[in-house]
Structure formats: C-alpha cells, structure tokens
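Structures follow.
Heads up, the next two complexes both have chain A, just with different partners, chain B and then chain C.
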Partner chain A sequence: MNFSSYILRRVVYALIVLVVIVTINFFIFRVMPGDPVRMIIDPKWTPEMKAALYEQYGLTKPLHEQFFIYLKSLLTLDLGLSFTSSRPVMDELLERLPNTVLLLGIALFIEILIGISIGIFAASKRGSSIESFVTGAGLFTHAVPTFFLQLVLLLIFGFVIPIFPIRGTMAAPPPVGGWAQFLDRVHHLILPVFSLVVINFGSWALYTRNAMVEALGQDYIITARAKGLTKKRVLRHHAFRSILPPIVTLIFLSLPSIISGAVVTETIFSWYGVGRYLLDATMKQDYPAAQGAFYFIALATIICNFVADIVYGLVDPRIRVGGGEGK
Partner chain B sequence: MKKRGFWVNATKFCREFISKPQGRLGLIILGLFIFVAVAAPILTPYDPIDDLYLAEGMAKPAWAKVLPGNSKLPVTVHTRLGFNEWQVASGEDLHNAEEIKENAFAIKTTPGEFSKLVHDVNYKTDPPGNFHFETRYSIDASEETTTVLAFVIVDPNGKEWRLWEKKIFGSLKPQDLLIDSRQLDLKTRLGLTIFDEASKVIFAKKGQYKVLLRAYSEGEPAIITMEPVAVNIQGKLHGVLGADHMGGDLWSQLIYGARISLIIGIVAALIAVFIGTAIGIASGYIGGFVDEFFMRLADVMLSIPTMPVLIILSSLIGKNIWNVVILIALFSWTSTARIVRSQTLTLKERAFVEAARASGASKTYTMLVHILPNVIPLVFAALVLLIPGAILYEATLSFLGLGDPTTPTWGRMLHNARSFGAFTMRAWWWILPPGLAITLLSLSFVFIGNTLDEILNPRNKERA
Partner chain C sequence: MMALLEVNNLKMYYSVRRGDVKAVDGVSFEIEKGESMGLAGESGCGKSSMATTLLRLLPNNGRIVDGSIKFNGQEILTMPEEQFRKEYRWQKMSIIFQGAMNALNPVLRIGDQIAEAIITHENASKAEAKKRAGDLLEMVGINSARYRNYPHEFSGGMKQRAVIAMALACNPDLIIADEPTTALDVMVQAQVLEAIQDLRKKMGLSMMLISHDLSVIAQTCDKVAIMYAGRIVEYGPAKMVYNAPMHPYAYGLLSSFPDIKAPKSPVQSIPGSPPNLLEPPSGCRFSPRCPLADAKCRTVEPELEHLGGNGHLVACHKAGQLGKVGERA
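Up next is the complex of A and B:
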C-alpha cells in the first residue's frame, strides 16, 4: 500500500461517513412529530395557501426525490432559511463560526502547551509529586462534568467576585476603538478558555507523560545517554521527537470531541457561536437551522478525522514510504 | 470441583481488589451513594417533584440562620395541629373536646356558648411568605341547630384576623377546609386589597400569636369532628439545602437524584456493553464481511459528533428517561466492541476453541459457551468504565434542558439553578451539591473500573 492509495482509501471512507450522516440528518427531521411547515404558517391560512407552501418547500414530492434535492442543496452548501429569523442558515453559521474557532482554538492551544510541558516534566521526574499531580489531573478530566466546572467558575468570578463578564462574546454596545475592543474580547474569553484549559490539560499531560516514559525506556535513548548527551538534550531531541507524531495525530483526533463540547461551553457563557446556535435552534424547533448546524458540525468532524488520518500517514514512515503489506 | 475453583478465585479477586487503595475508595464512595439512593424516603419526607410551595421560592437552607443578616428570616413550618397540640388558653374554657383517633378530635358545643381551641405560637421572625391550613371536618347536629365555625389568628396586640368563618344549618358531611393566604376572598374578608400579602399583614408583629378554632351553636349541641390541621407556613429558611424557585425541597431532589443517576448510568452501560459484546464476539469470531461491516459501523459511530446528535435526538424523542438511556447506550457501545473483538481474535486461536470446532460445535454454540465466558471479566471492567460517561451524558442533557422534566436528576437541578436565578442569588447550596454529587459518583466508578481493569485485563497481567 503506498501513500496515495492510503489517501484514496481515507477519502472514500470519509465520504461514506458523510453519506451516513447526511442520511441520518435527513431522516431524523422527517420522522419527528409534526411537520416543518406547520411551524411557520398562521392558523388562519386557507388550505390552498398551505398547499402552496408545501409545494414551495417541495414537501409534496416523493421522499426519495426530496432526499436528492436535499443532497444537492447540501453539496452547494445551501442549508435553507431559518424558521425563526428567516435568514439563510449558512449565513448565520458563518457569522458565528469565527467566534467558535477563536474560543476553541485558543483553549486548545493553551491546554496542549501546558499539558505537554507538564507531561514531559512529570516523565523526567519519575516518582515525584508532579507525577501524582498529572494522574490526578487526568482523573479530573474524566470525572468532573465540564458544565459543572464552568458553572462554578461563573458563580465565583462572575457573581461572587464579579471581575469577569457573565455572558456574551463582547460587551453591548461594543467599546469604541480597536484596542479597547480587543481588550473587551480578551476579557470575555478568559473565563471560558480558562475552564476548558483546567478541564482538559490533564488528559494531555497524562498522555504525554505515559508516552514519554515509554519512549525513555527504548534502547536508542540508553544509547544516547551512553554517548554522553545531557539528560535535557536526550529528553528534548530524542524522546520528545519520537512521541511528537502520535501527539499531533491525537490533537486532530481530539478536535471532534472539542467541537462537540462547544455546545455546552457556548451555552453556559452565552457565547455567540455555532454550538449554541445548534442548541437554540433545537429548543425553538427551528428545524432547518438545527439540521444545518448539525451538518456543519458533522462536516467539521469528518474533516478533522480525515486530516488526522493524513497526518498520521505523513508522520508514520511505514505508510509514507510505502512499506508494509502491499509492497 | 469447578464450583469450588470459582469461589477460590472470587475470594482471591475480592482480596486483590480490596488491597488497591483506589478500588477501596471507589467502593466506599459508591456504597455511600447506594445507601443514599436506597434510603431516600427515610432521608427526606418530601417528594422531589410533586411537593411544591413548601417554602418561599429560593428559600435559603435552615442553617443559613447563623449567617449574618439572616437571623430574622422566617423558618418554614410544616406541622399538624392534632388534639394534643390544642390547648385551653388561660381564662378560656375548652368545652368538651376529646380525641377520637390518631389525633383527630371532636368538639361538643354547648348551645349559646363559645367553644374554643387555642394553639399558642411565639413568633419572633420577619413575616413569612404564603401560608395555608388544611383539614377535614364534619358536623353532626339536629335539623334545627345552627353552627358557626371560625378559624382565627390573634396577633400580639389582640387583634383578631378571621381567616375563615362558616355558618352551617344542621349536619354536614366531611368537607375539606383549605385556607390559603393567596385566596382573594380571604383578603377581602380581612379588608385587604388584592395586592396586599395577607401573611405580611397578619404576621407583621413579633410576639405571642394565637391560632383559634372557635365553634358556636344555637339550638341543640352540635358535634364537630375535625382532623389534625396541616399547617404550612412558607418561610425564607427551609430544610437542609433550601428551596428551589417553586418552593420545592432541594435536599430531596439531591437525595432522589442519586437513585436516578445510578439507574441511568448502570442501565445505559449495561445496554451498551450488551450491544458491544454481541458485536465484538460476532466480528471477531465470524470475521470476514460481518467483521468489516461492524468495524466500519463503529468507525462511523465514532465520527458522529456525540453531543450534538444526542441533543437533536433527545429533543425529538427524549423527554422520557428511558429514551435518553437508550440514546446514550446506542452511542457508547463501540469501545466495548473493539476490546471484545480483539480478545475474541486471540481466544479463537486457542486450543480449546479449536477443539470445540473440530468436534463439530456450531458457531453459535462456540461463541456462547467458549468465547463469551472468557470475555466476561474484560467486559465487566468495560461496563464499570462506561457508567461515568453515561452519567455525564445524561447530566449534560438534563442540564441543557433536554432531560425528562418529570424525573428528579442532578442535571435538572443545575438546569433550574441556571434558569431561575440561583446565580444572581449566589445560592451556592443549590449549585454545588448536585455538581459535586455527579463528580463523586463518576469518580467512584472510574476508580472501581480502573482497579477492575488492572486486575482483570490480561494485557496488564502479561506486563506484570
């Protein structure tokens, strides 16, 4: 198996997942109680007017035809109009996307930086208290519900000691001037980012620590040490280098769950993002919006998984140079 | 022989489990939660969902009285005034009252004279929220007798507040009597406007109050039978954890939440593990197309963003706890399937399985009799490790307002806390307990699961 056929397989696989998700998305919203048109029409309308609306939305066509129309509109990224705002769902999502990317991106960057540093440090100091700290932080990630930690932070720093804003992406009305606006954005970002970092850095630290410990036990490390290289150099240039590929892959693999988690974080901090849009739309039974947001999130997930596979292929020489079974 | 081997193994296993501090700690925490879940009706007298208006909305916990600024807050009162609680006030006559059963009592009136039952209350705090009195009464008298019954509160200044009064001719079948401070006719009778709060006016002073039950009859003696009077005065201090926005008891919600979380976590994990084991064994043992299909299916499941899909699905078919449980299970089986599949693949090559196959055992028989018992220990650890995930999913869904509104869950408590102003009130007693409970319960399963995995997973044994 060479690299291009590996990519091809991954593309096909990503497409299969996409088709499954699109199909689920289509049928979920067709089997639910009530029908979408009923949500937007006035009860005073005559049956003829209702029929015209059904016609307009293509709901009189057979199901398979509706499905193909739906597929076509998804491929052209036309997600329809929101019932509640009557604006194109795609526009609404694109408007919110930068906020979500900003929040999740900054949080991910910081938690990886902190997590990996602590993980390496813990691996270099076996049996010290820093090791049990890393284990504890990893457990914390598993057992503490993110939303609970966020609520507690909100209670402490938003209400008891009100030093951070309790809701929103920026102040309303936004402050005048580029610098003031920037500071305002940062002010609103601190609490949600901090909560995500506190929850998640532990699992990065634990993973890095375990991978480092394993790497440090390898023969080539012992050789490097025997050559007289400093401990620091061996740690950085030999051991860490070797665990970098799986970590990079893991970063991409973690993106889907991070995107999933955005729903809760954005809801708690009233963040103007894609995740909260999905929940709001679901709550308001705004089906085109909910469906569109879900498609959007699922698409992002598939792309992240695909990129993770490609990165994995790139960093794993067995796949890149075409070793293994097929050669 | 085989049985004895099992017991020896079980004892050995238990001893090994107990020897690990993590396992011990996990068991202790879990035991505590199981105790709370089982003993819920003993630990709280209230129903977590149906008992509303027990206190004023957002009432603080009773122990908050010792905090500065709270000493004058009214405490909720829930009591029943039965025969033993009514007394003869000094200088008044208690006419012919007697206990009939279980604290219910009967008063026999003397025509032309007042019969009075009195209950003294020393009231030292600020006025309470609403109050209501509830009882059932009946009158047995001749046709010509007219009876007047009244329910009166006398304040420290001696002013009489006639809350209820009724003139009855002849006999009366058992009737409900309900006095609620919010009733309009009550306010009119007391000379208040509809905007006045009766409780604030009546209990404006601090000192000795009297609750008075007064009967008077003309003609012949009447016998008034009355059940104990249920008194509910909604205070601003209530119970162990205070009250929610509807005056519901937060402590009982916390206690009953343990039941629900345990059930949800365990049932969802059981279903997920069942699906995962079946698929894992089938994939591993049958292989070929079946394997390919199920493993690709698992991949697809992993590629679907779980939380968003759970949000959408539970908003469509949720609102019922079992639907939520099934949804969570459907998205949690993949990890078990993977573990079981790889274990099955190694078992398949073992001699005893080969022997079974050679002696003509069917595939189903081999899978059930030879493979299944050997993957069970592994599955057991996987089951315990799936529980915290299921608990967290359910808590998150409930927190987002997508749970079952008729089920008292911790997530729902937090949802209510967020939606109905616990944050602006800084009511940390409402926010912290359910969250800590979720965390501790999840943690106990993580501890137990890790310990089980350490003992039962063959991978760890080989390493050790």
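Up next is the complex of A and C:
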C-alpha cells in the first residue's frame, strides 16, 4: 500500500464518519421533547403568529425536506440563523472561538508539558516514594470533580481573597491600551487555566509514566544501557522516543477539545466561549445554534483524527507507509 | 600472564518478598585474551544473570553480595558508575543479546543505533561515526545502504548480524554473547555463528558465549563452564568436558542431546527439575536429582577441584564414579 492510497482511505473513512455524525446531529434535535419556538414567543401571541414563525423557520416542511436543506447549507458552511438571537450561527461561533481556543489551548499546552515531564520523571524513579506520590497526586486531582475544584477556587481567590475576577473573559469595559488589555486577559485566564491544568495533568502524567515503565522494561533498553549511554540519553532518546507515537496521537486526539470547549469550565467562569454557547443553545432548543456548534466540533474532531493518523505514521517507522526508503 | 577477565567467588542475589534468589552463588572463572568460553546450563541456572552482572546492569532488586571481577587486573565491581559506563561498557566489554527479538530499538534507524555507541565512547564526529557504522554493517555482510533501515525491515538473521556489528563498534576486548542464536532457525544460526567466529579470530577477541545449546558451544568455544543452580559444577577445556564429563549433571546434559552419528537411541533426560534458588538444597545442589547421591552429597557442598588435570575442574564428591551413571542408563 502506498502513501496516497493510505491517505485516500483515511479521507473516505473521515467522510463516512462525517455523514453519520451530521445525520445523527439532525435527528437528535427532532426527537428531543419540547418546542423550539417556545423560547422566543410571547404567551400573548396568537396561534397565527406562532404558525408564521414556524413557517419562517422552515419547521412546517416535511422532515426529509428539512434534512436536505440542512445538508445543503452545511456544504456551504451556512449554519443558519440562531432562533434566539436571529444572527448567523457561524458569526456567533467565530466570535466565541478565539476565547475558547485561548483558554483551552493554553491549558492543554501546560497540561501536556507538565504531565509528560512528571510522567517521565516518575518512571525514572520507579519504586521510590516520589513515584508513589506523583501517581497518587495525579489520580487524586483527576478524580476531583471539575466544578467542585473550580467553585472552591472561585470562592477562595475570587471572594475571600479577591485577587482574581470571578467572572468573564475580560473586564467590562476593557481597559485602555494594548498592554493593559493583555494583562487583563491574563488576569482572567489564570484561575480557569490553573484549574484545568490541575484536573488534567494527572492523566497525561499517568499515561506517560505507564508507557515509560513498559518501555524501560524492554530488551532494547538493556542494550542501550549496555552500550554505555548516559541515563539521560537512555531515558529520552530510547525510552521516550519509543513511546512518542501513542503520545503524539493522544495530543492530536485531544486537540478538538480546544475548539469544543469545556462546557463546565466556561459556564462556571462565565467564559464567553463555544462550550457555553453549546450549552445555552441546547437548553433553549435553538436547533441551528446547537446543530451548528456540534457540526463545528465534529468537523474539528474528524480533522484532528485524520491528522493524528497521518502523524502517527510519520513518527512510528513501523507503520510508515511507502516512505521511499527500505528494501 | 594475567587473564583478561578474572571472576572470583562472585555472588549476585535478587531480593524478592520471600527472601533472596541466589542466582549467582560463588562463581569463579577466567577468560584469557583471545579465548572463548562457553557458559552452559538449563534455563534459570543463572547464566544470563552472569552476563548482566559483568556489565553491572542489574535490575533494581539485584545486588552483588560478594566476590570480585577483574578486567585486565582492574577491579570493576567497586569502580564509580560513571567511570565504568564511559570506559568499560561497550568500550572493553560489549554484549550480543538475542537480537532477533528485541535487542534493537524499533523506532530508531539501525545504523544510528550503531553510530550512537561510537559517538558515546570516542571523540568521533557524527559523519565519521556514521561511516564506521556503515563499514561495520558491511563487515557482517549487510549492505551499508541499509544504514537507514529500521529493525522491522530486517530479517531475524540480519538483525542478529546487525547486533553483532554493533557489539564490535568500539573494538572491545571481550564480547559477551547471551544466547545469540536462540531465536534463529538452524541455517541462519550456523551463518551467524560462523560470522561471530570469523570476526573474533580476525580481531583477536575474547568471548563468553552463554547458551543452553551445548552443540553451539562445542562449535565455538575453547573452554566450557557448566552451571547448575547458580554455581559452576564443571569447568575445563571444551574437548575434555565433552569427551569425558565428570559431573553427573554435565553427563546428563550432554547425553540429553542426540548424536546424529550414533545409532538411534532414546534421548536421555535428567529426572526432576532445577531447584528453587530461594532455598537451594543443602550439600550438593544437584543431589536431589543425582542417581549417585549419598549422605555426604546431601550435607557437604563440594568445591570445584582439579580432578581431570589440564585445567579440568569439577565440583562433585562422586566425580570418579561416573561410569555407574552410564551403566544405569
């Protein structure tokens, strides 16, 4: 199998997944109980006005027709108008996207950096009390419910010792001047980023530690040590290099969360982001908004999985396909 | 003349929850420059522990309890780790593991894995090391164009030859070959052994060949040590040990291999199984399985003694009476 046919297969696979998701995405809101226009109509409205509204949103059309309209607009990246705000969903999403990417991107970056370093360190100190402490701490923080830790942090650092803002993405009105605005953003980011790192570093650390311990038990590690390589080189060049493929895959698989946002975190910190938008849209049965957000997330997930497949092939020579070298 | 490698009363134990596993328990031997010694025995008799002890690569629960290892007269057990790593590992002693399995890192290029050893120990530039790694591959019959291949692109025999090339990278004085041909089929096995022998003679290397396969040792070694339950029970020139084994265990081990030239006869096996090294039997460790054992064998541990002349040593109270074992069989 050569590289282009490998890519082609991945593309076809991704497209199939996309179609399935899009279909589910459409029908799931249709079978959900409740009435989508309930949120925007006034109880005083006449049935005629309500019917007109249904007509306007296309809800009177047969289901399959609605489905085809939906598919057509997805292809043109037209996510429709939000029922609640009457603004294009795409605009609303793009407006919130930078905030979410900023929050979760920074958090993910720090989590991975800290988690992997701690994992390697723990594996190199196998059997010591430091290792037990690290694994214990990682498990503990991972088990703490996100909302609980975040509420406690807010209570302590937002209320008892009010050194951080308790809500929002930036101060309102924003401070004047680029530097002041930058500091203001950082100020608002610290608590949510910190809480996400605390909750999530453990899974990276534990995963890395387990993979490293397994790698360090392999015969080729004894060979590497017998060669007289330094401990550091054995650890980094031989053991870590060999666990890199699954780690890189994990990193790529976690990238979509940067876009999908952390629903809980954004809600608790009143973050103006995609996660909270999704939650609001679902609560208000805002079909276009929720569908749009889900579509957005699904697209990001599929793209990242696709990239992960390709990158895995690049970092693991065993599945590298048709690299041009070899026999 | 001083021997290249002198091992004296070496004891290496693994601590486990229930006590100490006495994997190497008072082993002594010598390897001269240019000489090859075979270390034979059943699985779990401590052969491979011997190899890891020589390179000081013990797992966390392994420790050296007693004894000394001298390399060119220099004690290496007490040497600082950093000095040992830099000056001895691979530089003076290298090891050939069962390369057909997992001795090579699957995600690194074969050539780089060889060059890495050169760069670590010598002031060679990257380009120089790469060139030498390519030459080494050629030396074991692998086209140097395959420098950039990964282990999965090699056959079992090629991997094993690459591992041999790697072992020669820093011109060591001693090569420890730990079951170098075990995972290979017989044809490839013969080629690999031949390659090892050729290179060894060309470069005047000493070798310690660890194997459970006595025919492999017979083919390649000047001297043989037979290990049982952490101790050497018979030691001497290969020809003498093979032709006239004096220890009942060595005798049993040798007769458990069929002779293709002799008339067909059932293969002999040694009844019983190797002892638990947590609590080895008192007296001679082989006594519970030995057809000749008597009260003395079960209480007094025999020492390795000169019995056959010409450096043929054996640890057995009944060494002279071996004919009887043969009769019984």
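To be clear about the criterion, the second predicted complex is superposed on the first by the 276 of 327 C-alpha atoms of A that agree within 3 Å, B and C clash if a C-alpha of one lies under 4 Å from a C-alpha of the other, contacts with A are read in each partner's own complex, and residues count from 1 in each chain.
The definition used in the following text is that contacts are C-beta pairs under 8 Å (C-beta built on N, C-alpha and C of every residue); 3 or more make two chains touch, one makes a residue touch a chain.
These numbers were taken from a predicted model, which means no experiment stands behind them.
Clash-free side-by-side placement of chain B and chain C is the outcome of superposition onto chain A.
The partner that reaches more residues of chain A, of the two candidates chain B and chain C, is B.
Contact with chain B, but none with chain C, is seen for A:294 once the two complexes are overlaid on the shared chain.
Applying the stated contact rule after C-alpha superposition, one finds that A:245 touches chain C and leaves chain B untouched. Of the two partner chains, chain B is the only one that A:21 touches; chain C does not reach it. Of the two partner chains placed around the shared chain by superposition, neither chain B nor chain C is touched by A:180. Residue contacts after overlaying the shared chain place A:302 against chain B, while chain C stays out of touching range. Of the two partner chains placed by superposition, only chain C is touched by A:224; chain B is not.
This overlay, made by fitting chain A, leaves chain B and chain C with a least C-alpha separation of 14 Å. No residue of chain A touches both chain B in one complex and chain C in the other. Remark: chain A residues 13, 16-17, 20-21, 24, 28, 31-33, 139, 142-148, 151-152, 154-155, 158-160, 166, 256-257, 259-261, 263-264, 267-268, 275, 278-279, 282-283, 285, 290, 293-294, 297-298, 301-302, 305 touch chain B in the complex. Chain A contributes residues 126-127, 218-220, 222-230, 233, 237-238, 241-242, 244-245, 315-318, 325-327 to its touches with chain C in the complex.
Listed in rising order, the residues of chain C touching chain A in the complex are 52, 55, 57, 60, 85-86, 88-91, 94-95, 97-98, 101-109, 116-117, 120-121, 148-150, 152-153, 163, 166. Partner chain A is touched in their complex by these residues of chain B: 296, 299-300, 303-309, 311-313, 315-317, 388, 392, 395-396, 399-402, 414, 417-418, 423-424, 426, 428, 431-432, 435, 438-439, 442-443, 446.
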